[in-house]
Every structure is written in C-alpha cells, then in structure tokens.
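The following pair of complexes shares a single chain, chain A, combined with chain B in the former and chain C in the latter.
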Partner chain A sequence: MRDIPLKRRGVFVSSLLRIPVVLVILAVFLSPFWILATISFKPVSDVSSYWKFPSSPTFANFATAISKAGIFGAIGRTAIITVSVVVLEVVVSSFAAYPLARKCSRFNRVVQAFILGVMMVPPLSILVSLYSVIVDMHGVNSYWAVILVLLTYQLPQGIFLYTNFIRSIPRALDEAATIDGCGPAKTFFHIILPQLTPVTASVVILSSVNCWNDFQFSRYILQAARMNTVTLSISQFFSQTYIDLNTAAACAMLAIVPVVVCFLSLQKYFIQGMIDSSVK
Partner chain B sequence: MKKRIDTINLFYVPALVLFALFVIYPFFKGVYLSFTNWNGYSRSFKMIGLKNYVNLFKDKNVHRAFANTLVYGVGSTVIQNALGVLLAVFLNKKFRGRSLVRTVIYLPVMIAPLIMGYVMYFFFNYNRGAINDVLKLFGAAPVDWLASGNRAVFILTLVNSLQFVGISMVIYLAGLQNIPSMYYEAAEIDGIGVKQRFFYITLPLLMPAITSSVTLNLIGGLKLFDVISALTGGGPGYDTHSLSTLIHKYYFGGERAGYASAIGLVFFVFIMFVSNIVVKALQRRQVEL
Partner chain C sequence: MKKAMVFALVLVCCVSVFAQAQAESGSKTITMWVSGAGAQVDAMKAAVEAFEAQSGYTVEFSAPGETYEELMKTKMAANDLPDVFDTHGWSVDRYGEYLMPVNDLDFFANVSRQIIPTISNDKGEALVLPFDMDLTGIVYNEDVLAEAGVDVDSIKTWADFEAACEKVKAIGKTPITLGASNGFTVGWLYDRIAPSFYITDEANSKAADLKNGIFDEAIWASISAMIDRWVSNGYFNADVVTGDFVGDITAMATNQAAFDFIQNVAIMMAGGINADAHLGMMPIPSNSASDEPTLISGENVALGIWKETKAKKGAIELLNYLAQPEVAATIAAATGNVPALTNVKLDLGAVQKYIDKHAAVEAYNYFDRDYCPSGLWDVICAAGQEVLAQKPNAVQNTAKQVKDSFDALYGN
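Up next, the complex of A and B:
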C-alpha cells in the first residue's frame, strides 16, 4: 500500500525536474541563434550586451551584407554546386551500389572495403597532392573541379546507403527480369531504380547539407573572389573586418536561414536520413 | 553467365574513375612529394629521402597538433556519446514539448561548422563576449577564454560536441525504440531498480547504436578543421592546431609542401589505424552479446 503514493511522488518530482532541464537545453542550443540575431539587427554604434535585442532593430547590416559581401551571389553559386553534386551523386552512387549489392565476388568485396575506407580519409591529409593535381588539371576557380572533388568525397556515403537498400530488394525480382530477357542495365532501370525513392531522399538530404556547408575543399579550389561560396564569403568577411562584426553576423544569418527553413519543413526526412546512414 | 557479371560490374566504373583521380592518384603523388623539399609552386625540387619524416618526429608543433587531434577526436566522442545517451533517455519519455526539444537539439547539426566557429567568437570574446556578460552579471571577473591553449582546446572540443550531439541523440533514440518493452516489463516484475535496468538492459541492447555513434563522432572529431580555423586559427601560437589545420598552415603559410605531405601521410595512417581498432573492438562486443 505504501508503494503507490511513493511512486506517484517520484513521477511528480521527475516531471517537476523536467522543466528546468528542458529550459537549460533550450537556452544552450538556441543561444547561438539568438546572439547571432541580436548582433545582426544592431547598429554598429550599439554597444549594449549581445544578449539584448536592440530596441530599434536596423536592416542596415543586411543591406551591407548584400551589397558589399555579395552574399546572394555566393548563395547562388553554392546552390549551383550543391545541386550538381547531389544530382551526380544520386546517379553515380546508385549505379555503383547495384553490382556491389548483387554480385558478391571477392573483387567486389575488395571494392566495397575500399569505398568504406575512403569515408574515413581526412581530406586534409592528402591536401598537398590533391591540390597540385587540381592545379595540373587547370581546375582552380572552376565549377567542375569543386563539383567533382566534392562528389568524390560524398560518394562513399551514397554508395553505402544505396548498397544497403538494394540488398533489401528481393533478388527474385532481378531473376524474373532476367528470365524475361532483361540484361543488367534494363533490370536496373526498370526493376531497381523505381524502388529507390526513399533512400534517394536520404542521400539527397545528407549530401546537400555537406555540400552547402563545405569549407575545406572550396577554400582551395575556389580562390578567386568571383567564385566565393557562402562559407568562403563569410570567412573572408570575418577575417578581413573583425571591426564590423554586425555585418558579418548579418551575412551569417542570411546564409543559415535557407538551411534552417529547409530543415524545419523537412525535418522527418533529415532525421531518417541520418539514421539510415548510421545503421549498418 | 560470365559475361553478365562483366556487364553488371561496368556500373561502378564511373565511381572508380573518380576515386582513382581524386583519391588514389593524389595519395601516391603525396607519398612521392613527402620525400622531396617541394615548396608548393616551384618547378624545381629535389629528393631529400626521409628527412621530412625525421623532422616531423622532432617538430614540437607536430607533437602538439597530434595530441590535440587525439583530444578533439576522443574528447568529442566521449562528450557526444555520454550526453547523447542521456538526452535520448530523457527524450524517450512522453511529455509536452518533447518534439520541440528534439528539433532544437538537432538544429545546430545543420549549420556549417565554420559559421558555428564564428558565432562562438561572440560567446568567448574577452571584451564583449556573451559568456563574460553572464559572469559579470554574477559579479565574477571576466575570463579571456581563448588565451590559454589548453582551455581553448577544451572549448573547441566542447563546441564541436554540442553542435553535433544531435546526431548521437537521434541514433540513440532510434536504438532505444528498437528495444522490446517486454525486457522492461520482466525487470519490473523482478523488482529491478532504475540503475540496474539501465546498465543491464538498456546499455547492452544499445551496443549497435553505440558502435555507429562512436564511429561517426570519432571520424568527425579527428578530422576537425572548420571550427578551429574560424574560432582560434590554431592559436594562441600553435597550441590549438589539429593535424588538419597544421598541414594547411605549413602548406599555404609556410610553403613547406613536401613536409606537409609527410605529416599528411602519417596522419592518414594514424586515422586508419585508430578507426579500425575502435570499429573492430566495438563490433567484437556486439557479437559477444
């Protein structure tokens, strides 16, 4: 008899404790966004605490960010790069995954182990030679070089996701197609491809976030100011003008708004993609 | 039948061509360059044998960067997983506003680490930093957070961990939801306490989730680059450099391409070694269970 009230009290205490925990979590994880917002809406002359939202918010910083830092141009270029990489990745990695999922020869196992190995390579460890290879190909400041390099280092994840998914499609479907006279290419396009939509959503989402946020590859390949991507123009703005931090903050705000909006509206797919890519 | 195998393998040729061009060829070119004194742009350079490798074992900056890389990798992994499990257990119970909390924790994962690094400057800055503002509110003296190398390394690890803790949380939430509730019901009948329930049921059955989360965090932490270049740029001095940022510094700032190449290769071998050991160890535990 004494057990029940005790237990109830436990539940009550734990739900009371929950409120401060939730508040701390919200404070820690939202504060970066809050601080960025207050700074970007403050006039440079306002030296009040970063925590305080200005009483008369200004859009001047955003105007400077657009005209001086050319943030919209940078967003456009980043979009071109991201879309190209994602489209190519879907094609190349679903192609590559098909034989790896269906033909388990020893050679294919070696290929697969190699591809998983590439996932772990820190790109900076082969930076010197990768950069010199790109210079030799005359790829500096060109879209194609940054697209191909980003694509290459995104591929392992795509291949991994597609391979796991294709393995779960019954092999009997392939065999039926073969009996009906389909070659491997026809089987892929008519039987496998139409079923890949859910995993394609994961691939698209994961690699678009990576491309949009990329800094380490674009930094070397796109050196001219006219080729700046979002991260590059923000980094230049911050490192050149540590005085006008308000405009820098406005730049950063403009850069993260599209990402945040995308995430909030497609949250379910983002999280599913993350889970797919981690579970083996 | 033989012919069919050949055609089907043609499908991965485009991927292999890309890997050959941008991974394998640069790798071997890097091995070659690491034996030279190339400065990064001149046409003439000569072979200097193992000199770069001998030097890097004597270079204090390399030692420091090596230790930092380990701290970034292992530290982030520990923080993210400990916090990730706690958050997942906390958010696995039903309560109002739960999905909002999950969204908020995952949100920073979307932000470019570079931007996060710059935003953190607004927090850890000495003069007007948001954290010192809070300290002043409580009457404490402001702290120059990034002036000490060791503290800056810790701050960078913490920033990276908190930004990406959402990934671990999501993986653990998925893992928790895969544990059949009958185990907990049986435990309740046997009168087992909360602590024992966590250590004897939840934790062992989370092993697959732990493996993926640890692997992801470790690889991410060992590669840390963007947030360091944004927040500290490797400073003060060379105290917060990771191997990634140090290679960048030596190559573009110091014109020591051959030497940077040698560091890169040692780094490469080291990461492969560490990741393989960790993945193997975790997988072995999974089989035992």
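Up next, the complex of A and C:
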C-alpha cells in the first residue's frame, strides 16, 4: 500500500465505499422483480412470505397465464399497439415540430400553447364523451381506435421534445442548405432529421413505456377478451370477491420479458441517445 | 426515411383493416359481460362456449374484473351496453331502466319466489335471470374458536361477539381479519353491521326513514364507534389498514384468525389454500338482546338483457340455455351460494350444512343496495378506511360524510 500514491489510494478507497451503495441501490431495484418471481412460482397453498422463494416451485401459474389469460396473444397485441403509436408519434411529431421550432410567429406560438394545453387535460375528464365518439365511430374492439387515442395523448410530449431539440440546432445549417438549393422538406429530411436521433431515443422510450403499460384507454376501447392487452390480461385475475395473485404475477413475469429483451438489445442506442441529448 | 414512412403507413393501414374486419359484428354475435373473476367466471365462460358450439352464435365474452362497475357506468352514460350483462346485485336500482323484462321468457317459471321481489321493479317486471342467492353472515374458523373456548351458537349480540373476540385474543390469534386496502372488504363490514343498528330491531327500525331519504347520522357514528373500539381493543389484524383480501383468506385458511366479514365463497377459497381448514358461517349478531341475529341475502350472479339490444333473439336463446338445470348448477356451484332456480338441485359441499343450519334465520338484503342510493358504496368504503386507520375525529367526520353523500345522491 505504501507504494501506491496517496491520490490513487483515495480513489481506490472511494471505489470500495461505492460498492455497498451500488449493492443497496441494486437490491432496491431488483426487489420488485424478486417478489414477482417468488409469487409467480408459488402454488396457491404456499402462504409463506413473498420474499421467500418456494420450497417446491411450480410452473402451474405460468401454464394458467398462457392458457387462460392468453398472455402471448396479449403481448402480441400490445406490441402492435405500442409499435404503431411510437412510429406514428415519431413521424408526426418530428414533422410538426420543425416549422414550430423554426418559425416563431404568433400563430405558431398559439399552436404550440394549444398542443401543450392538451397535455394538461386529464384523460378521465373526457372519458364519457370520448367513449361515446368511439362507439359512434364503431371503434370499440378495434386497434385503430386505441392507437388513435393513445397517439393523441402522446403527441404533445413528442412535439414538445422535438421542438425544443430542433431549436438547439443552429439555423446556419438550414441557411447553408437553402443556399445549396434545398427547400424546407429537403432541408428537414437531409439536414435536420439525421440529427434527431438522440431526442428520438427519448421519445421512443417515454411513449413506448406509456403505451405498453396503458390500462385506462385500452380498458374502455378494447372490451372483448380476444382483444386483451397485457395489462387487461393481468387485471382479469382481480375482482371484488377473488384475487389470484400467483397467476397475475406469472402473467406479469412473461409480459416483462419482451421489454427487458428489447431494452437490453437496444440499450447502447438508448444510452448513446441520452448522452448525445445531454451534450446537445 | 421514406421507406420508414411508407412502412409505418402500411403497418397502420393493415392493422386498421384487420381490426375492422374483426370488429364487424353480424346479427349472430352477442356481447356478454360478467363481473367477478376465478371459478365463477370460468364456469360462465365454459357454459357460454358450449352454447356457441350448439347454437351457431358467437358470444363476445368479457370479464373485466375489478373495473367492471366503472366500465358499466361509462357504458350506461354512453347508452352502449352489452347485449347480456351481469347485474351483480343491482338489477333494479342501477340497471333497471336499461333491462328488458324477462317474465315471459321460458326460464322465468323456475325462478325462486324468494328472489323475485328483489329482481323486480315497481311494475312487477322481473329484469334478470338469477343464478344464485346470497345467504351469508360472518365466516368463522371452527378450530380457532374451539381452541379459544368460544361456542359460536351462543353469540347473539355484538356484546357476545366482543366477548368472543377477547377470548380469541387471549390465545394469541387474530379475532377479526380484514384487508382494508381492498376497500370493498370495508364495505362488506358495514353492510353486515348496519342492518342490526338501522333495520332488524323492529321497535327502533329506521327502514321507512331510509326508504324516504332520511339518514340518521348518529346511528352511523355509533357503528363506526364500535369498529373504532374494536381497533383500539386489538381485535383486528395488525395490518388491517394495509392488508388485503388475499391476506384475509390466507389468515382464515391457516387458522390465524377467527372471524371474517366476507361471503361464503371464502370458505371454498380457503379450502384451496388449506384442505384441512374448517370454516363455517354464522348469523350476524344483533345490536340488542331483544333483537335476533340475522343473515344477509340478495341477488348475486344474475344476467339481464339490454332492452335496446340488436341481438335480442340470440340473447334470449343464451339466457334460456344458461337457465337449464345442469348448466345453471355449474354457475351457482362456483359461487358457493344457494341456487335461485327451483329446478337446480345442488350440494354446496362445505357451505351446505351452514345454509341448512340457518335456514330459519331471517335474512335481509344488502344494506347499501336496499336502503342507500346507488353510488354510496364507494363513500362507505372510503369512510370506513378512515375509521379503521383511526384518523382524528374519524367517527364523527365520516358519519357526516356518509350522510352528506346520502343526501346528495338521494337528491335531498
């Protein structure tokens, strides 16, 4: 130790001190998953603590989740809705944000305020009228209705993020493109769009999490059991006279697998996006 | 980018067309919604699938679980109800104006005379096909009471009940288990206690007042004061405020608790957790020695037909099919309740002997359904949670809240 310079020794000690802190944080973050796993592998007759892994784990809850709740179908439907909303949101909000960011006219400021205003409307306050409109449009039990409604509530956030990000891109780039003969559309596609990757990562993460976890709108629009999404499939195990926590936990375990796989395989893009976004 | 845009548009178009094709419902499609979950829904779903196979109709079956009532309220507001739906005890007061009378349907001749008044409106029109009748009181654990030296048949009044709780507490077990984080368990507690304070004692009955929209706040406060005393005396489980319904059943099944203010279905659920559990059902004590213990009865699983349905023929066929004795028996058996059709013969297993034992006990409909305006249930649950949490002045404050809500909902 004597040979190690004082500064390096300090770094070594502080690194050592960090380990227990990191372990505590890790434990806090992993504990919900641990509890979920223990409950999902427990038979109904096992009434031991949720923290304790069952002495004789069972896959029966997973079998019920697959056969009775149709969790794989639900994952597929949720994926269709999530991907559709996210793709549309990225396309529409980036298109909308460009003129809003570049032309600071009074009209555009009003438009932007209106879009932000939509974010402040509590979804529950318009539920009955929204539902009535969807019924009149024959949108109940259809993908397009739930996609449209979710998109409506996701767009303001996307437009807000894209607008602020585009404002931070120097106007000189647009001017240079114009001098080189680009119109607004060509400037957007060739100059602005390639630089939007960081903020797109943020938009994708935020809205895909919201869509994947959506319960409220899906509950009202997708009423038939054959259209159940992940959250709706899980909710059918809860009622006023019956709660099947074990099968619900098994459903949740299966439902988080695609999200975890997706995040792990794409995390370098997400992390890079966040870093780029913060530097910008 | 162009490729991405084209892909996105094609994707959305395909999805929409696919979904639209699925959403098209011909005249052979019947939408059906049921409340509840578990065995009750499984039995209903199996019966519906059998109906589909033999009739050629397609039934869009949906069991939204805990959100059922919330969804139905929205659907009523939008006047877009399912063709056939479960009224879960509210066939007349809440859903009455949306339902088609069923007096002329084939199954009606077999509906028990006992339940007809409950499911009929002022014009004498029966509105639903009832599968079972609740006949319930307080669920108790025989082994725990035996260990504590409590004779369940000697519990006639709330004072007797409190004495029994003391004995159970003395052996280190929980006298009453309740999971108030699930608000409905609190509602069940009040639903069981309230009749003994307001209704069952004929000399002091407030039934007529309640029916006329007059709510006595002081009586409600005395109910809450009793519950508050139970909390102070340590009769409830330590986690009464944060505990849940599953914990309730588990405590009863594992001989940790003596009493549970819950439906008979708990006896069957406890059997699934511990086959050796011995749970019974007792009448609800009275509030005075001059009164008698009572039971709670009422409509439970019952299906009605939306009066504006476009699938009326199919909906009637479906109800007639489900009313067949062998089919209706499977649905009633899943609830642990007495069948509401006279041609259904059913042995309720562990529950049957208590139904037989208390056959002569007078039964009253659920307090909130019969004597309170629709919508008060949530207020009762929330107010009761405050009492159980022993918030400052909760007994008086919540009595006022319940009265104010009662008056507002009644239109006073």
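Convention: the second predicted complex is superposed on the first by the 219 of 280 C-alpha atoms of A that agree within 3 Å, B and C clash if a C-alpha of one lies under 4 Å from a C-alpha of the other, contacts with A are read in each partner's own complex, and residues count from 1 in each chain.
FYI, a residue touches a chain if its C-beta (ideal position, glycine included) is under 8 Å from a C-beta of that chain, and two chains touch if they have at least 3 such contacts.
This is a predicted model, so every value here is computed, not measured.
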Contacts of A:Ile166 with chain B and chain C, given as first, second, both or neither: neither
Which superposed partner A:Val128 touches (first chain B, second chain C, both, neither): both
Partner chain in contact with A:Phe238 - chain B first, chain C second, else both or neither: both
First (chain B), second (chain C), both or neither touched by A:Val47: both
Touched partner set for A:Phe189, first chain B, second chain C, both or neither: second
Larger contact residue set on chain A - chain B or chain C: B
First, second, both or neither for A:Gln223, with chain B first and chain C second: second
Which of chain B and chain C A:Val83 touches, first, second, both or neither: second
First (chain B), second (chain C), both or neither touched by A:Ile147: second
First, second, both or neither for A:Leu206, with chain B first and chain C second: neither
Overlapping contact positions on chain A, where the chain C interface meets the chain B interface: 47, 127-128, 131-132, 235, 238, 245
Residue numbers on chain A that touch chain B, as the complex places them: 15, 18, 21-22, 25-26, 28-33, 35-36, 39, 47, 49-51, 92-93, 95-96, 98-100, 102-103, 105, 108, 111, 114-115, 117-133, 148-149, 151-153, 155, 159, 183-185, 188, 209, 212-216, 230-231, 234-235, 238, 245, 248-249, 252, 255-256, 259-260, 262-264, 267, 270-271, 274-275, 278-280
Residue ranges of chain C touching chain A (in the complex, touch as defined): 1, 4-5, 7-8, 11-12, 15-16, 18-20, 22-23, 31, 33, 35-42, 60-68, 71, 74-75, 77-78, 80, 182, 184, 244-246, 250, 253-254, 263, 265, 269, 272-274
Chain B residues within the chain A interface of the complex: 4-5, 7-9, 11-12, 14-16, 18-19, 21-23, 25-27, 29-30, 33, 40, 87, 90, 95, 97, 101, 103-116, 118-123, 128-130, 133-134, 162, 167, 170-171, 174, 208-209, 211-213, 216, 219, 222-223, 225-226, 229-230, 243-245, 247-248, 251, 257-258, 260-261, 264-265, 267-268, 271-272, 275
Of chain A, residues touching chain C in the complex: 44-45, 47, 68, 80, 83-84, 87-88, 91, 127-128, 131-132, 135, 138-144, 147, 189, 193, 219-220, 223-227, 232, 235-245
